[in-house]
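Which chain is which? They are A, B and C, in the order written, and residues in each are numbered from 1.
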């Protein structure tokens, strides 16, 4: 047994040595070094070998020393790191939540397309945010836009982190932020569903998570001008949700409504979703994910984290409850899609102020959000913005409400500052999104052909069905309309 | 970069100040203070301003001092808090598990209704448990019922917690307990499915999580008379599962069986669920959630937590295995719904004793539970208690078994005391549930009309379908019966 | 209130006493002691009572002392334990991921069967791995096979752990490893789907997780001969994924293709899955689960854990992206099942080297895996290995690639050693799997009858349907073939 234990220690030590060596690839010179690898056996390189051994020996000694000196500061730093990693996992799980929610709320003929969008968008967001987005958001001193240290090649401090263990290790901060960036793009997915070209959505996702979201994020969380003004948005009612919501609104508006959404008298028709089980599961996954989203935004493990979880939960509960009641009073029946959107509305609403409001105020914020969303969804329908899943109402409208609520309930916060933040971020996002969508419209195109839309994007764009083997009803809605075109 | 880092520190400090100030809203005088806010500019208030500044300055100094003195006690306290927060998230995820399980086990015509119930019940439980339930369960000294500090306005110590960092911060303890309370109500949801009025279920959920569950919970976990007696129920085989199970039994009995459940000769007919994918997913989510439920009940992070996770997992595995074998031997084929219920039976069975039994005993407890459930489900059918998802067998019968098992396997525990606990909690819950259900029957009504039941609750109660666009088979079972009525 | 607090402390203390006493049941003499219990009131036993009291008193004193001396080492040990417990929960959640993925990729007539397999396999793996597997893998000094301390009855050190708090508590290490063992068996489930006998799969699962997987696992992670050679497989590209993949390949080959998979000209036909929502949800759950799988393999909480999470995430993202592009270029349309398998391919690929490669290298490893999988799936089809879900391509081929990648990118690693490990583990697993499958074929039989396969395993093996109440299309594919037979 001795030998095995010793082996294990050796393995660990070897691993640490590897980690240490490989951490050099994280530095700005990494790519150059890699390209130079073929010349490593040049005389100059060979001369370095003894030096390398000395460095490794010193490092190994330091590592051993570090292992022996487990200070409370070090343990606290590791605890911060583990908690934010776990929070990141829950936020990343929100991709499954959005995927199920949006798929459930759309028709089965477009299910594969929505699932594919929600799966690949996290992959693309990860890659582009790693490449440039994270750097634009957190590196550099400029009040309007960050930069430098692309591909995560800078030191932790160059992205505004204190050195570990008082600050988070860079990878965990990056992972948490990448998960947030993906959320903004995923919000768009629902609003443009059932008629957007798959490729157009992919390009837009790259643009929003790589450029637009990081710039406004820099203003709020990267030490930019809104941060300097004292704009308060703890976990991103504006930075994430209304940014996603604005991009969704512009996309849905430019795309135009789905065929069949409006009848001969231009009145909106309900196009019911095809799988309320998926939609409800999605909502419950998102609820869970928000316990990473909001409490994780503390960016540390401490005794306040759970307070944020409780305000978050109370607001979600209040939003679900008031949406149920409002929907019941308004339409005579409690609409499950409204209960779902009410919960999400409460969650979006509390996001900005979750750390600074009382429990009662959290309930009020959530309750108001739950009422707002029930009236907002039909309003957008009237305005001819066809948003199949209600993303604009949930994320944009309640994101604005949540950001304003900080100005109302958190007394150090200034409602004028909050309004300036909302408007400036909104304006910038609308302008950028418009440019992106119109550029895509002019080049790759953004909307599928009418026949494809009638047939469903699953067959048209992916050549497959979501539910093979089940008999489906003809899409009467689509049929009537496509005959007119 | 300097400036940004400094800004970040300021933001953190400002946040802490806000938290400190807002924590005052958690105190008993909070509501009064809020109402008084309009008079804050009165001379008396203005005179207080310098004092406020002094307090804030002192507090800020204290905060800084605290930041510098990271003691192992503090870090351990934060670790406890983070672990129980994470455990709470997994317990809350069980709502998705119950939702999927119960939906999958029912017919598609009632899917929206069950989903809506399982979603809104956590919202309602959160609100009512915050209002009164938590206080009834944990505040006060009375052996029968707690009280005081409603709306989470008391100090942590007034709910039986040691001061942080040796005890948990109040919000995390509340969140964990709120998640438990919701579980009790969710258990009911499955047993009364497919014929209960939506509003009746909502009112019953408020009553059970606000009044009945907290009272019996107080007896067991709030320092009440059963706790004084030495009744052992570590994570709630009785406190949560059999309480939910008794309420479910009474509800299912008072409601009566679904139309078509019994044939002309009064023999039960199988009414198969509509989506075994959802049901199995629900089971696996619940399995995961139980790793929050049982190990989290340690209410601290320590080296024993994982031991509880292993006994929990072994019992679940044994329950699944014996239910599979028993079902195979009994009916000739391994019934998936029995495998699912066997896993859940093992989990419910181990819940009371998960911290105090050996691995082998955990396997025995789970194995017995898995056998019990296979015989219990048809027994309730024979007894004319129509429980569409088997909740009574899983949660009530195996909850009783698990509580008795503590008396059998944990030697300090007394099986007589265990029996007294089971019976007293059962009697009280049956009485309260009967009062609640009969009161609701007399006022709002509890069962939908036959036509609505035949049509399905989704259209009748919510005006929507769960699976729009799919062709469904006519519900032959319902048809035959509805003609008779 | 005082009394309650005191009561709670008493309860805690009592609980600790119970734990202490019960921990004796974990020792080798536990079973004997249990059997001897009836003689506990013999004179010899009675004479021991005073001694027992002294021991308990000393232990209680030690426990109190321990409570008072919260050292950073102890807190770090608890943090390690909690982190690996949470990681284990995420790995166990992968059972839901595999279940949804495989069910979605198969036909609805076999859904119950696949769900049942994926649920019960974790139960069986838990029981057999507890009985013998864990011991074979980690106990003992032999370079080829471990043993001793079956049923988790050894000391932590006898399985190669350092004593707590510098090492993990035994239960959490076991739970993490049991979750891994189950993964290997679950991988097989998909490849043999839609024609295997339920009982044969259960027996095979017991054999692979109880015997074959632990032996090769011992070579790599239990201090065996491959470990001594310096074979590098940090989180199990070979130890878990290619082991599962080899067993799957042998199973799929011996079983033969599903009826209707090949047309008259022996060309493979696509048999589309029935629920892409389930499949995509499964992929996203697996993605989440991998954040337990890879970072948890650090077996400790430290500042490197998140680095592993980031390389894991980048590889998954790159795999998803390149599979999308490759599928689009190759087939003209982005195939959702390829996007899903691309993400999983990236995850499997990075598993061996996730701790030792740079971010860029992680992207390269994932990107290559995403390309490989798109070409590998049709290749196996051509080779007449009918793997309904592509498990062989994802887990075997990309597992090999990921293990080789360690030799390419991690400079201390030797690609020859990596190849030796891949081949030896592969050979051993192929031989063992062949023996297992052929022994089962000769005894219980492994393939259902043609009529059962045509009817679907749900009715044939379980007597139930997955989607009662929905109208399904006749399985034209099956029909044509079954007429031929």
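Descriptive notes on the structure:
Heads up, the rule we're going with is that a residue touches a chain if its C-beta (ideal position, glycine included) is under 8 Å from a C-beta of that chain, and two chains touch if they have at least 3 such contacts.
Treat the numbers as computed from the prediction; the structure is a model and nothing was measured.
Annotation: the chain A:chain C pair of sequence copies touches via predominantly different residues, less than half of the used numbers being shared. One copy, chain B, sits rotated relative to the other, chain C; on C-alpha atoms the angle is 120 degrees to the nearest 5.
As a whole-number value, the distance joining the C-alpha centres of chain A and chain C reads 29 Å.
Shown for chain B are the residues that touch two or more other chains, namely 72, 75, 79, 82, 86, 275, 281, 467, 470-471.
On the side of chain B, the complex with chain A involves touching residues 1, 3-5, 7-8, 11, 14-15, 17-19, 21-22, 25-26, 30-31, 34, 70-72, 74-75, 77-79, 81-82, 84-86, 88-89, 92-93, 95-96, 99-100, 103, 111-112, 115-116, 118-120, 122-124, 126-127, 130, 151-152, 164-165, 169, 171-172, 174-175, 178, 198, 275, 278, 281, 461-471. On the chain C side of its complex with chain A, the touching residues are 72-73, 75-76, 79, 82-83, 86, 90, 107-109, 140-141, 157-158, 160, 162, 222-223, 227-228, 234, 272-277, 280-281, 283-285, 287-288, 291-292, 295, 301-307, 309-310, 313-314, 316-321, 324, 331-337, 339-340, 343, 355-361, 363, 410-412, 467, 470-473, 475.
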